[in-house]
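Next come two complexes, and both contain chain A; in the first it sits with chain B, in the second with chain C.
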Partner chain A sequence: MSDDSTPEPVTQDAASGAESTPELPEVAGATRKQIQREQLSVLFSTPGFIVGMGILLFWVLAALFPTLITGTDPIISVRGADGNTFPREPPGGEAWFGTDQIGRDVFARVIHGAGSILTIAPIATAIAIAAGTLTGLTMGYFLGWVDEFLSRIVESILSIPVILMAILVVFTFGETTPVIIGTIALLFTAPVARTVRAATIAEAQLDYVTSAKMRGEKSFFIIVQEILPNVTGVIVVELTVRLGYAVFTLATLAFLGVSGRDPQLPDWGVDVAQNWERIGADVWWPTIFPALAIASLVIAVNLVADSIDRALKS
Partner chain B sequence: MARFILRRLLLSLITLGIILVIVTLIPNIAPGDPARKIAGGTASPERLMNVRESLGLDDSVLTQLKDLGGSVITLDFGDSFTKPGESAMGLVLAALWKSTKLVVFSLALVVPLSVAGGMLAAFKKDTWIDRTIVNTGLALSSIPEFVAGVILLTVLAVPYGFFKVGANAPDGASQLTVAQHLLLPALVILTVYFGYIARVTRAGTIAALDSDYARTAFMKGISTRDVFLKHVFRNALQPTVAVIGTQLGYLFGGMVGLEIVFNYPGLGKLIFNAADSADYPLLRTGVLTVAVIYMFATLAADLIIAWMNPRARVLTEGGGS
Partner chain C sequence: MTDTVDTATDQAALAINGLEMSYVVRGTPREVLRGVTFSVQPGEAYGLVGESGCGKSTTAYAALRYLPGNGLITEGSIVADGLTLTDMSSAELREFRARRASMVYQDPVQAMNPVTKVGDQVAEAFTILGQSKDQALASALEALERVKIAAPESVMDRYPYQLSGGMLQRVVIAMALACDPTLLVLDEPTTGLDATVEAEVLDLVRDLRRELNSAVLLIAHNLGVIRTMCDRVGVMYAGRIVEEGTVTDVFDNPSHPYTKGLLNSIPRHGIRKGDRELFAIPGNLPQIGDALPTCVYVERCPVATEICSTEVPPVVERTVGGHWTRCHHPDRIDQVPDPEEVSIDHTVGTEEIIGVRGVSKTFRQRGNDVPALVSIEMGFAEGETLGLVGESGSGKSTLAKTMTGVHPPDEGGAITLRGREMKGKATERVEESIRAIQMVFQNPDSALNRAWTVRRILMRAVTKLTGLKGAEAEERAIEIATSMRLSERHLDMRPRQLSGGLKQRVAIARAFAGDPEVVVCDEPTSALDVSVQAAILNLLAQLQREERTSYLFISHDIGVVRYLADRIAVMYVGRIMELGTTEQLFDGPVHPYTEALLSAVPSVDGTASNRIPLEGDIPSPANPPPGCVFHTRCQYVIEGTCDVVVPEEVDVGGGHRILCHLPVDQLPVPVELTAKT
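Here is the complex of A and B:
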């Protein structure tokens, strides 16, 4: 088990528990490492993974260093030498992707727009994975009334479409970035918990858990040191799948105008919302390019998620 | 069987109860005075009083919960705030009818195509046909509906007049015209669900083809066609039914972006507008309706699966959730 894939507080607490029986996890870790190495080599020979990673890395680069890719300002309208602006300029020439209604460079907005979504989506996903893993492990290991109670809550969250729940929560608590991160984290905790729960139930029936119980290990040790490493694969797949859905949900919220973002600032969903009604007037470029950016990002994340899933099952 | 249905219904009622609590709490925990937000900043004190009273905001949360529980039983959630004089239930039912049209039309297009695609992929397993179907489906399914919507608007609706920009046909239009208007949003729903349904169908078909009973049937010398029709089809489609069941709630209430792009007065848009304007009676009715649809759809899916395969009944009963 690699330490960086474990939620931090758990690792620290578990350290004391691990000291009592140091030999067992180490032996298990060695074989696990071999398997991991093999899975990684499968992964890097999958075309889907390479293409997905390529697109993903491009957008990460755009999010971190947008000025490396474009020197044009995304907020100020492009002006010619005579000081005139060029609104609704079709793609080609100076502005590769054309200019929007008030003459801003669409390419610059698309590149700079990667930042917001690639900050918020990973943070929200990370919180959901940590919370969902803890909840799912607890539910799957202890079962009984704790599981029954949490299952009902998970089920009620899942019975309302994510986007509706998100709209409800965001309208209730205000359209701010922390609220949006919290909302997506909370809503995605439910499906993560359900997946981890199912995997935990399957693991808890295996002999190694039974023998750990017979050794008299504490539940906490068994969950963190024995079961968690064996459900890491499921969690990694869940992480990538949820990241895709987080991008999906964030873009939709931005399109619906509930992202709390200043519409001046570049954001793919907001930009589509501001321009799509002009598609009918044949001004398609300020809409289509941010729309394609969203599509390429979710497709990339999905390709990576799917490749990891396959590699783990290989 | 009766026990299974009863247990499922009971669990659904508990889930519905939790959603009831959530929608009751929302105006209470919303920052600021929801009554002022609804009535507007310049509202008279009397108007504010009225709004507070109709929302039940002066009552304790427990009383509000009891009132809302009563509303669920009588199916009377009061009048909409934004459209005075119109009952929230009536508005929701009108939107529900619109959503039903869109969902039924879309599924009639999506399910046969996706099932055919999934089965084709299963029969051509590990060929380029299989990979194309699976990967295209996977790539398309992750695109948000509003993105697919604006792209289709650009490449289809603007150059070709046959595709309509708005999904809502004028009143009194023929069924054919209604279908013509619904075609583009249905194509968007196809992009969202083709990959998902095709993939599950593919997996189900491969599992059924690999099963002992299919192998036995092949060995008995039964033709591929007969093995397929008599043994594989029924078993292969069980996961497909389960997926459609769990997605129906989303199709009815989650297509907010799609309904906005195609200006379609369905349930998703109604709930979004209700939340936007703090129209709590409408919001509560809409959300509860979506939850009820989800429950009945998943229950129906489970029953169909149980009917297709009696073994599933036992499995579901032991599963817990």
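Here is the complex of A and C:
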């Protein structure tokens, strides 16, 4: 089709009458907007999504504005008018979730404890997703020795138990919040890279990649512009899964005493660690409520992730 | 089909009555079957044809009430062998499917468990019927013998991945026949197979049917397969059967405008691109879930009147033999325009544009050399179409990828552009060479980036291949899109919003973005329905007339190749066995392999009386037979010569090259099935 060719396409076959001139055939399927709208309506009619989203929003609110939910200070022990503290007070009355060993309000500690976990977990996950995606794309597209080399690193990270690795790193580099974030990000980069690698290998076999190679496109362009937009689906799923795991891992580390935070500050994992031994003495509330908070957050994230996944596939 | 079958039983093997069905998609039930009624008598073969999305597979699954979780039967009944499936409990249904009915699916690889030996899997079908383990194994061997599989004892001990597609489909059929079913449902049983293997499997089913007297419901989009296999056929459109009758009545005397359009859209009776264009049915199939209180075909019908869009048409008897059509105007069928025979000028240039000179390609696989291409020699003149045919595994796609620079050829061979040698790899080629050779792929879903809009896909190709930028590139992209009959509205859509035909148009537009000299078309229409295929073939022919582009046209559909190609090359195990003009190939003499290949194609024009069987599988290029690579399957093999000496290429006249030991006067002449009328 050089510039001197006839720009009018139809004329010639009008004479033949045989070619029916497929008059701009109609669009197949519903439009993108329609599909999105229907997927949203499926999403909002899934009980799992509503429950999960409700719990999640509650914890986000608690993390951002804890004082809206409770007026009680989480660090200072509750004192009566006579200045006495009320340690080990069972749930009910003034303190909904009871008080702990030194008379601090368990409800206030649970609410204020959301902040740290909901900051650290998303940041660590975001870093892991970014690094893992980049690594996975590189491995899956180039394969060969690049893949061999990076695969060995990924495998070696995956072969070490997460908690053990985290404890080692934190003890080596110091117990600070950035170190904790970095550790979890590094540990989660490996599984993300592995998932994205698999998706990239499948994409790279498709003909649009062959076609790009035939046009003489550079590898970087093919990876970032052509393949990346097509693997976002698995990345989103990986993001939600890893977020759940990050919450879980952080709580576990705090429980083991490597939270990177002052134990005075409210923290679900730390609180469980400080109080669990007293369950035997029937003082269960300072342990169970923060533990339930961890469980509810992990479950909420998973419920939302599952529902989104299912709505996209419906 | 030629056998007379006993249809005089009062109880049909399968009777579907007024079946209405919906799929629940994103929360809403969407109607897919809009009142399907037909019956299959014991011993009869009934075919269902129609384009994809018309509901034929859904009907097949519904016949065994074997529906996906979101399938919903809203109306009607399914009665098989006197039992009402629509009223059965799930336990009764299981029992019914185990003992009375069987199904064979499209892809035999997915139908088999990859980690269980074939023998054990076949035996499983018998243990379900209550046989002991030893008994079942003996029955399994017997079943494999019945489907005429080569060396059944050794097949028993092998795993599915060690068998070819054709053998696997035989195994699946053996399993399906375990319970001596009264009803056998075949859903596109040969669609993934080569024409030669397809012919073998179809022969087998035909023989077995004679033996078993079971009723067969065959679903196929290939009209030729239905014609050669079935007694009666139902033509489906948008969830309704629009015409039914014996295959001869329906295919030779179509009475519904849709059937007529469908038949006109395939290249029949040996027509060529110079004779006339193909008939493409305008418009698209209605969406599932669309309300259609009308004739389902009204939007695309050339003879529709007002009544067609207001009332459901009645069933109109055409002959006493049960040939009927669902049309308001059966008397106006003759007004459906026939494609006119006009001579269109297709001149082929004399200058060679692209030359393939002694190109070989050897892959290294686990330390072994696998010669996928062996000294390929061919050339393209300006405006010429070279058709490339051969079974899968013969090296057609490897040749395409070597030409386009995805794999560099071995040392010694060269691909030339107007006499100048090009670099092997696309990334090393100069812009001019990249622009000159582009490709259209088989599957547009895979060939177009799902995340990009059509505009971006075309703009990128324009920028990369012509060097135009910004507004100029956009102008050019719109210009190509228009010449592919895409509108500006389509430019802002993503591939999944387009129908298969539109997607392939975008892919063609991309290949033409840089005004190429040669476009490699790798089965560009095999993923499309016939009416869409017609439009794409017309488009390719028209572009060739206007742009003087040459095509390397790879296809397994002999009819399509014959329509479009000026010359045809026949490939086998990485070698060109024969190369000649289309006339030379169809008039003969031809290579024995070509003869077998041409005779294997099931034709909608009639049945082959003397098909040349091609037994066994194509040899692996890793381990080619000595002497002539075809001698293991050749019926004219000369002992002591063909299995020892590599044949020399012979020119049998007019540049018609054949790689064979047979003297020219002993070479076979192909069977003419599709004589020009």
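Here are some notes:
In the analysis below, the second predicted complex is superposed on the first by the 267 of 314 C-alpha atoms of A that agree within 3 Å, B and C clash if a C-alpha of one lies under 4 Å from a C-alpha of the other, contacts with A are read in each partner's own complex, and residues count from 1 in each chain.
Going forward, a contact is a pair of C-beta atoms (placed from the backbone, for glycine too) under 8 Å apart; a residue touches a chain by one contact, two chains touch by 3 or more.
Owing to the predicted nature of the structure, the values given are computational and were not obtained by experimental measurement.
Using the contact criterion defined above for the overlaid structures, shared-chain residue A:159 touches chain B, although it does not reach chain C.
Once chain A of one complex is fitted onto chain A of the other, the partner contacts of A:147 are limited to chain B, with no touch recorded for chain C.
Contact with neither chain B nor chain C is seen for A:115 once the two complexes are overlaid on the shared chain. After overlaying the two complexes on the shared chain, residue contacts for A:279 are found with chain B alone; chain C is out of touch. No residue of chain A contacts both chain B in one complex and chain C in the other.
By the touch criterion stated above, chain A contacts chain B in their complex at residues 48, 143, 147-148, 151-156, 159-164, 167-168, 171-174, 194, 244, 248, 251-252, 255-256, 272, 276, 279-280, 282, 284, 287-288, 291-292, 294-295, 298-299, 301-303, 306. Residue ranges on chain C touching chain A, taken from their complex, read 25-28, 276-284, 287, 337, 339-340, 342, 344, 401, 404-406, 426-427, 429, 431, 434, 437-439, 441-443, 446-452, 460-461, 464-465, 479-480, 482-483, 485-487, 489-490, 493-494, 496-502, 510, 512, 515, 535, 538, 542-543, 545-547. Looking at the complex, you find that chain B touches chain A at residues 11, 14-16, 18-19, 22-23, 26, 29-31, 135, 138-139, 141-148, 150-151, 153-154, 157-158, 165, 249-250, 253-254, 256-257, 260-261, 268, 271-272, 275-276, 278, 283, 287, 290-291, 294-295, 320-321. For chain A in complex with chain C, the residues that touch the partner chain are 1-2, 5-7, 9, 12-13, 15-32, 35, 38-39, 41-42, 45, 206-208, 210-211, 213-217, 226, 229-230, 314.
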